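Next up: the structures, one after another.
Below are two complexes that have chain A in common, paired first with chain B and then with chain C.
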Partner chain A sequence: MLKVNNLTAGYGSAQILNGVSLELKNKEVLALLGRNGVGKTTLLKSIMGIVRSTDGNILLGSKDISKTATHEIALNGIGYVPQGRGIFDKLTVEENLRMGLRSRPDGSDEIPSFIFQKFPILDERRGQLAGTMSGGQKQQLAISRALCGDPKILLLDEPSEGIQPNIVHDIGIFIRELVADRDISILIVEQNLKLIGLASDRFDIMVKGQIVHSGTKDDLENEEMLKEFLSV
Partner chain B sequence: MSAYIPYFLNSLTLISILLLVSMGMAIIFGLMNVVNLAHGEFITIGAFTLVVVERVGGNFWLALIVAPVVGYIFGLILERVLIRRVYGNALHALLMTWGLSLILQQVIQLIFTANPQSIKGPFPGAISIFGENYPAYRLFLICFALAVFVVTVLVFKKTKFGLDLRASIQSPEMASVMGVNPAKINAHAFASGAALAALAGVLLAPLTAVTAYMGLNYLARSFFVVLIGGAGSISGVAAGSVLIGGLETFLSYQIPVTVAQAAVLILAIVILRFRPKGILPA
Partner chain C sequence: MTQLSSLLAANKTASGLRFRPATLIAILLILIMSVVPLFSNAYDLTNYRDVLLFGLFALSLDIFWGRTGILSFGHATFFGLGAYGMAVSSIHFGIDPSYVSIVGLLVGIGLAAVVAALVGYFILYGGVRGDHFTIVTLALTIVANHIAIGWSKVTGGDSGLIGIPPFSIFGFSFYDPMASYYLALIVLAICLFSAIWILNGRLGLILSAIRDDEVKAKTLGYDTKLILLITFVVSAMLASLAGALYVTNTGFVAPDMIALLLSTEVIIWVAVGGSGTLVGAVIGTAIVWWLQQKISSISVTAWPIAIGSFFIMLVLFFPRGPGAFVLEKVKAFQKSREGNK
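What follows is the complex of A and B.
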């Protein structure tokens, strides 16, 4: 589905990714773990074309998207929920969701009904400025907006950041339901091991811009491994 | 009461012109962070479109349709060829648009000479309002500018292009993550700004001397309108236009015009000291 091969990238002269390779398979949830500053967010940004790679490639199916413009990557079926959510604060909830429709392959301008069924608060607050919502509601909006584009791949960067524990649990359940019900694969960067245990099929651990360890969610019980790579 | 009507209507005339000129500048500044010092020349191009249209047998009404189209096409070409090369570098953008402004002024002067061009106004008469006669053309200008403002607001609020534009002004990166092509939105926004300024040029032409430098008079004022109102904010432009245009006209009746203009600019600086993002930022 999505293959990253020996990717290097960074900001100016600072190289952050030092030959990352990973594969996201069809209808799976892959978690990317690692301490702060190891390059997890940079990797997601590189996949989205926001940070340009300097070497290696990114294959979406058989197509190399490492030199593709961000808006075209979105149109090719990759949705992205950044750290901090990236909500358009001065647009209403409905306008935010309508922005998500821009990348729909079928060109539909109808907000999918399952969004409002899953998150009824978004329906109730359609006309409210998004910037005035709570952190949890903004996260629901950010994920819903990405799903409005009907992506084949969803990149989630720290969806639990600043969210109440009960909503984090809801997000975990929602991710599982999404993969079960829809033709979608999810790459999630997350620090919250409970959410990873709930939502993901397997994980990769990054250290200094490289993948150094991989495992399934059962391996999250391995305290030595967690201590070695994550200081948990 | 009736003695104040000309004051009020003259204020509205200047506010209307500033509104038209500044809307384009606000969009360009808010979206691309480009201070376009050649924006005044779009006004000039609009006015000279009227000159050309009248010379080939057309009239004011035809120019009112042709000028925004000319402005739009000119803006589109300019953005594609030059402006997009300086996004992200405010100093380069400033120098490039300043150079462009000088070149356009000289080219227009070479073609049309330095003499003011003669224009036939569409309405020669006056209309009596509460016993005071006021030029019919100025009243038309006020109504027309208001209508253009309402249409612009509707485009901004109710169309896909407007939504893309507002999203891009807030976060160009997230807009492109949504699938919006930033190059396309920038080009059309710049061209739309040029079209609005060209439209203002046609409307302004019957009221002022049409020369290659006529746009300069409005460049600084509209820049202050945008700064005071808030870059990228249409409601901010309205607030800024009312403040700058209204105050300048009011003070011009009390003190010498140049002192009035200086006083308005000082007030603008004071406002920016306390509200650096403007009165109604985007």
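What follows is the complex of A and C.
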């Protein structure tokens, strides 16, 4: 589905990714773990074409997208929920969702009904300015907006950040349901191990811009490994 | 281009020209302006006509600055290109008088479109935004002004060109002040309502999103560089339309129509009316023009001081203009009511 091969990238002279390789399979949730500053967000940005790679490649199916423009990557079926949610504060909930329709393969101009079934609060607050919503509601909106584009792959950057535990749990359940019900794969950057345990099939750990360890969610019980790589 | 045409098509289902406060104000404004000639003499009418064309010029800037948040300090370049395109075509080309205005209009607008597309391509695709964009466009006006002065064989140099005929189409001349006033009003009305319809729909939504965060908009599949470039070119074409029509009324063109002062003035007109409101740009032009008449009649030297002080007050207290401030409050109130339902 999505293959990252020996990717190097950074900001100016500061190289952040030092040959990252990973593979996201069809209908799977892969978590990317690591301490702050190891390059997790940079990797997602590189996949989206926001940060340009200097070496290696990114294959979406058989197509190399490492030099593709960001908007074309979105049109090719990759949805992105950035760290900090990335909603448009001055637009309403409905306007934010409508912005997500651009990359729909079927060209539909309708917000998918399952969004409002999953997150009824968004239906109730369609006309409200998005910037006035709570953190949890903003996260629901950000994920829903990405899903409006019917992506094949969804990149989630720290969806639990600044959100109360019960909503984090809801997001975890939602991610599992999403993969079960729809033809979608999810790459999630996360520090919350409870959410990882709930939502992911397996994980990769990054250290200094490289994947150094991989495992399944059962391995999250391994305290020695967590201490070594994550200082948990 | 497919992206833009699909966006315009989407306007059918978007909010388009629905009755927002700004739309109602625009309708009211055009209605009032359409009866003004009944109560005005010929001299006043020529002044009001010029205000309408400057209002169109301000609208052109507001379409780009107000909606994208990117300030162009070079819009006089496009006004001037329209003006010089019309003047040079009328005077140097030796065209049949029946068609001279149409050819002049096409040359002026075409010139502005080409220059805006070329400059816009390099700066927008080069990632130039914010203050850097403003500075580059400011430099563009300075360059254009130097060309207008230096290329005297074509442009008439410092003296400019005189003898531009009144606008005419298929033998009908808009020489009469009433006719030229209504021509200006009809052109302004068409441009204003088209802008409101387009920018209150899907395209306006996307431009608002780009203004909020361009990278986020890209990650949702929008070719933001192309959208910004097209908006910039359309904005430049409208500015040139205003310039081209303006010189058919004055009968002459001079380098001050493609100068930094005019670029500054148009920013003030838009700022006074409220950037992003569209109709506010036209109202702001009229307010500043009226103030200029009143203050200059007391003391000619007082006007630059007054307008400078006024601009500083605006920047300090109403960065997007008093009109935009009021409309934002009204919109926020409406949205909070919708959200609470």
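Convention: the second predicted complex is superposed on the first by the 232 of 232 C-alpha atoms of A that agree within 3 Å, B and C clash if a C-alpha of one lies under 4 Å from a C-alpha of the other, contacts with A are read in each partner's own complex, and residues count from 1 in each chain.
Simple rule for what comes next: a contact is a pair of C-beta atoms (placed from the backbone, for glycine too) under 8 Å apart; a residue touches a chain by one contact, two chains touch by 3 or more.
Since the model is a prediction, treat every value here as computed from it, not as a measurement.
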item: Simultaneous placement of chain C and chain B on chain A, clash or fit; value: clash
item: Partner chain(s) touched by A:Thr92 [first = chain B, second = chain C, both, neither]; value: second
item: Touched partner set for A:Phe203, first chain B, second chain C, both or neither; value: neither
item: Chain B versus chain C as contact partner of A:Gly100, first or second or both or neither; value: both
item: Touching partner for A:Arg125 - first (chain B), second (chain C), both, neither; value: second
item: Partner chain(s) touched by A:Phe174 [first = chain B, second = chain C, both, neither]; value: neither
item: Partner, of chain C and chain B, that touches more residues belonging to chain A; value: C
item: Doubly contacted chain A residues - partners chain C and chain B; value: 48, 50, 69-71, 74-75, 80, 82, 86, 88-91, 95, 98-100, 102-103, 145, 149
item: Partner chain A, residues of chain C touching it in the complex; value: 6, 10, 13, 202, 205-206, 208-209, 212-213, 215-224, 332, 335-336, 338-341
item: For the chain A and chain C complex, residues of the former touching the latter; value: 48, 50, 69-71, 74-75, 80, 82, 86, 88-93, 95, 98-100, 102-103, 107, 109, 125-129, 132, 145, 149
item: Of all residues in chain A, those that touch chain B in their complex; value: 48, 50, 69-71, 74-75, 80, 82, 86, 88-91, 95, 98-100, 102-103, 145, 149
item: Footprint of chain A on chain B - complex, ascending; value: 163-164, 166-167, 170-171, 173-182, 282
